[in-house]
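Here come two complexes built around chain A, the first alongside chain B, the second alongside chain C.
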Partner chain A sequence: MSMAYQSRIRWAGYALLAPFVLVFLIFLVLPLVQAGVLALKQTYGPQASVWVGLENFRHLANDPLFWRAVSNTLIYTASTILIQLPLALGLAMVLNHPKIRGRGIYRLIFFSPQLMGMVFVSMLAGLIFEKRSGLVNQALHAAFGTSLDFPWLQVYIMPTLIISTLWMYVGFNMVYFLAALQNVERSLVEAASVDGAGPWARFRHVTIPAIRPVGSFVVLLSVIGSLQLFELPYVMLDGSAGPANRGLTIVLYLYQNGFEIGDLGYASAIGWVLGLMLVVAAALQMRLARERG
Partner chain B sequence: MKHRRVSSMWAIAAHLALIPLAMLTLIPFIWLVTASLKSSEDFFTSAFLPKGDGPLGIAWDRITLDHYIRLFEEIGIGRALLNSVFLASTTAILATLCCAAGGYALARLKFRGNLAMTVLVLGALLVPPPLLLAPTYQVLYQFGLLDTFSGLILPAIAPAFGVFLFRQAVLQSVPPDLLEASRLDGCSEIGIFFAVVLPLVKPMIGAFLLITFLGTWNNFISPQVVLQTAEKFPLSVAVAQLRGVYKQDYGLLMAGTMISILPPAVLFLMLQKEFVSGLTSGAVKS
Partner chain C sequence: MFDLNWIRSFSLGTIVIALMAIASSIGVLVWQPDREHGLEMWIFSLEHEALYRPVLEQRERAGGEHVNLRVLATAALERRMMSGFFGGLRTADLIEVERQMAGLAFTGPLEAVGFTDLTDHLVETGLMEQINKPSFGPWTSRGRVFGLPHDVHPVMLGYRADIVEAAGIDVSQIETWDDFARVLAPLMTDEDGDGKPDRYLLGLWETDSDRLETLLLQAGGRFFDERGAAVMDQERNAWALSQIVSWCVGPTRIAADVPDFSAGGNRLKEEGYAVAYIMPDWMCNVWRMQMPNLAGKVKVMPLPAFEPGGRRTSVWGGTMLGIPKTTVSFERSWQVATDLYFSEELAKKLYSNNDIITPVKSHWSDPVFDAPDPYFSGQAKGRMYIDLAPDVPARTSSPYNKLARDRFRDAAVAVAEWARREGKCHPAELIDKCREELARAQGAVMRQMERNVFLEVDQ
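After this line comes the complex of A and B, so read on.
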């Protein structure tokens, strides 16, 4: 029966896919190929360029600023895994308890910072962590008598970045974990409890296995997002990486090279290293998920 | 009995932990709102609303909309607001159409190259956006699209994850038999797409429209790189640039931030359910 329609269906398929394919080829495949070519060149803006072969990568390996950017980015990424996600899970577990009233309101409150885009959070954080006039220093001064000139945006830039994104993302990840906790069967928890399993044993052997699929997805998303941190330091530090490059991240360094210095080639080389890091992170994560699962 | 007492004590302890955390989450918002509503002098003398003799010990008469008025009258933030609305809605609508059509074709229509394209789309999910930043700039330069809205919109209307999401949605909620029956009824292929397929993936359309709208609204790096003319800046870039010019004008900066976050927040609160269903469907399927 459907034989008669085969060619009609084929043409419909081409027609419906055409707009996507056209844009996809021009703005994804073509730039990806260009990224490969550019990484082997040094450019001065989009027009002038010289072929340098693998020189960009050799230079990158010996570029102290690049390593500074990598170490900052990795520290930040580690903080999301070690601080942000455990907090999000803890919050989700507390909120998931059936005895808690006002759960919907708490959930909305904790999620609400996510309604602000990263740029606008950066604007707010930039003022909140300011010396003297900033809310953080004023509150700490009032409560503990610490100095009003505590240099968050001058010296303690990494902690400032980490605290700001805690505010923004703990509630967001909590929503995922809350959804995951619906997979934990209460009867199983109660059975474990009757068998004499303590809270930690119940958590390890009942809760963790049940939330593993969503959990590993959240970990991967957080790592991917963290490795690409850019707006927060860039806007908060007024378009710079802060004193002594204390807030330099990989994408910020890519941006500086490509669009402030104008070397799209070096920027592309940085992009490839970042891409490699993301692939390694994804592979590692999948491996871990499979081994434990 | 004992059990009940233990769990109600547990609930009290939980609230004792949750309430301070909730306050900590809300205080920056309160600071933002109040900073945008008071003069520069009051900014330095009071943490939140200006203190005075009015009800609750607050000088209500010193609350001012001056910063907002200045933003619209002197700085022309209205233009940036319109740019953001235009960019975000155009991108959202075009990306949704493009991805829904592509996702449906890949999911349910048989043609040569279907499998290859599906593999290509899956592969593209692995490409990190920053890698494409420099080469996209070059491509836009070659097409003469730098400093244009098209240069921002076009690269954003065919995200691989969009096609992937719609492909999954169609596989899940559009039965092949229904398509076959529609053909027998004399429906054209385009008619089937608009009248049969799109209504069946409506939840995904809502979620994807919202996700793309919010993503474009909050996108900073692309307009920052592509646009040069100040009149074309969306709010993300325009407001971030205020920071360089009006460094000490805290009230003004916070009013600009308020104007930028209110429209998407209102939209989100209105369409919360779609957004959450979109998020979770993404979670389950990836």
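After this line comes the complex of A and C, so read on.
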């Protein structure tokens, strides 16, 4: 192969990479650097900005509303891992059972809320959980005689958010688990049965290890998604965080500061802290998965 | 000649993709979107579009300038406007915005406000005197006016006249909120025997920040003083809050949670779950459109005062027309703005189509405001709203108003929950707790305001 040809091949590689690198630099690296600079400023557009150093971060550390947002977001994230994913796995196991008839229909039904999208689900949830006229209070009143004025959207906002998310995401995560369960080696399960393992032992020692890679992936996706919770409370609570900030999440607080108050520097600082939390959560999850794998 | 053999080292697909990329890049670089001639105007309301478009078309037929009227969703308008203001980019030549949106434009230094300062123009042309003075409040920052007011939005009490009159109750006896509770008390009957009234007197709840702010303003309370400093933690506010919360708590509560703009809330209104509602002029149109079944069953009356001789109205909402600094021509935009907002014809239509009272005082004598309104049981409600218009409370344009309103709502929620826990429901028992929660609310607002190095407010 001639030198000229080799050189052309090398340049061809760079030429093919160039569009991606250019887009990556302009739309990812540059905004990231700008966001970093913005977090160190008090701004009102490019014409009015003042360098405040780490003041935004200092203020954040002592901001009770930010900690309220962190606490609400972590509660929501914990509910995702402790309630949503076990439910999704349980549902997948039930629908994976060969004796269940019409499994395809059930799978479609459980997955269908996902087809509507978060905004529509949030709007519906807002109607369903209304006082007096809401479906939930009407049903509970008819079944148990509870008060029609039960304040889901005024007092019990976090439980309402968690329940609404279950409706949306249990079926979605079920699909992942179902795919993983269908790949569990039948021969391993049968061998365990022959060795005298009961249903629990088979689940613990055969099924769980087999679906662990998919499980880790689903946990990671769910944690990242939960930490970024925004549309559900924003739409359901009509653009606010609800009374006493009971529905305030980190991204909602970022939005309020950046776009309702115009404090872009502070919003950027919140964004960096959230980014850090996401990186830590992802690293922890990957490490745990590696150790167990 | 050029050696093009190197092209052979690429596959045909790569060459096609590369050519397409080059062609589309050149296309994007050379493409200039068709700029419409004339002026660009952004509004957020379809009702306003229905009013403005015929006037603008007629204006154009008479040789006036073409105005490209665009209706944008509120959030989209806010984003585009603020992006333009932040970046110093061209937006529209005229922008109609509502109160919260405008406040956001006043966050930075005065010289960075994206709207043109209209103060001198308004004074020189004498237009300042023609407009109801309180209507300028939300569009005035640090003494300068940045928009033409679209409305006044005085508030009355809308009530189910059919229910009240069937019970033989005469609302003319009502002067204060205490009278309101006493005179209408017979309507709170418990016919199904569940130990709770089947009907309440007032559609209001401690979580409803809009109605809370409206009532606070009526009571003479406020979130900010004239300089824009937060003054939430004051005696008058605590007193007003204690009165309002006392209506929502305890076994003798008179208020019930009946939300606006929702199917559930409208059903409760139609069922008469609450007798009376806080009703700004624009809300009359919302009722008319969303609850046609209530035609002839509803009436309005001035708000009961908090004290004898007190204010009988308040204010809720507001819209302005501003001219961004980046307009192609201030004079031409100003001409369009005044043609629209000072037109007598449009003022009449604004009322007859949308139930909204114009802030231009010289138009108030028009007979259209004296016409009986069949939906409101034949009342000449336009005249009733106009009679109250000069008395609407003053408001400030603070960009922190929404924050203060939300924190005031949080204070109301905290007091109401405490009252329910402690079994205390008389205003006198709530006042100390109100003061404590308002101090907390003010602290939260001040913490946010102190961060803004561009707003020089001596707190």
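One rule holds for everything that comes next: the second predicted complex is superposed on the first by the 266 of 293 C-alpha atoms of A that agree within 3 Å, B and C clash if a C-alpha of one lies under 4 Å from a C-alpha of the other, contacts with A are read in each partner's own complex, and residues count from 1 in each chain.
Simple rule for what comes next: a residue touches a chain if its C-beta (ideal position, glycine included) is under 8 Å from a C-beta of that chain, and two chains touch if they have at least 3 such contacts.
Computed from a predicted model, the values in this text were never measured in an experiment.
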item	value
First, second, both or neither for A:F259, with chain B first and chain C second	both
Partner chain(s) touched by A:M118 [first = chain B, second = chain C, both, neither]	first
Which superposed partner A:W167 touches (first chain B, second chain C, both, neither)	first
Contacts of A:S71 with chain B and chain C, given as first, second, both or neither	neither
First (chain B), second (chain C), both or neither touched by A:Q182	neither
Residue contacts with chain A in the superposition, chain B compared against chain C	B
Which of chain B and chain C A:T146 touches, first, second, both or neither	neither
Which of chain B and chain C A:A12 touches, first, second, both or neither	both
First, second, both or neither for A:V50, with chain B first and chain C second	second
Touching both chain B and chain C, residues of chain A	5, 8-9, 12, 16, 19, 46-47, 127, 133, 259, 264
Footprint of chain B on chain A - complex, ascending	1-2, 5-6, 8-17, 19-21, 23-24, 26-35, 38, 46-47, 91, 94-95, 97, 99-101, 106, 109-110, 112-113, 115-120, 122-124, 126-128, 133, 135, 138-139, 167, 171, 175-176, 179, 214, 217, 224, 228, 230-231, 235, 238-239, 250-251, 254-255, 258-259, 264-265, 267-268, 271-272, 274-275, 278-279, 282
Sites on chain B touched by chain A in the complex	7-8, 10-11, 14-15, 17-18, 21-22, 24-29, 31-32, 35, 43-44, 47, 97-99, 101-102, 104-106, 109-112, 114, 117, 120-121, 124, 126-139, 141-142, 154-155, 157-158, 160, 163, 180, 183-184, 189-190, 193, 214, 217-221, 225, 236, 239-240, 243-244, 247, 250, 253-254, 256-257, 260-261, 264-265, 268, 276, 279-280, 283, 286
Chain C contact footprint on chain A (complex, rising order)	5, 8-9, 12, 16, 19, 42, 44-48, 50, 52, 59, 63-65, 127, 130-134, 149, 154-155, 240-241, 243-245, 259-264, 266
Residue numbers on chain C that touch chain A, as the complex places them	6, 9-10, 14, 21, 78-79, 82, 85-88, 100, 104, 107-109, 112, 205-207, 209, 257, 259, 262-265, 267-268, 273, 399-400, 402-403, 406, 409-410, 413-414, 417, 444, 447-448, 451-454
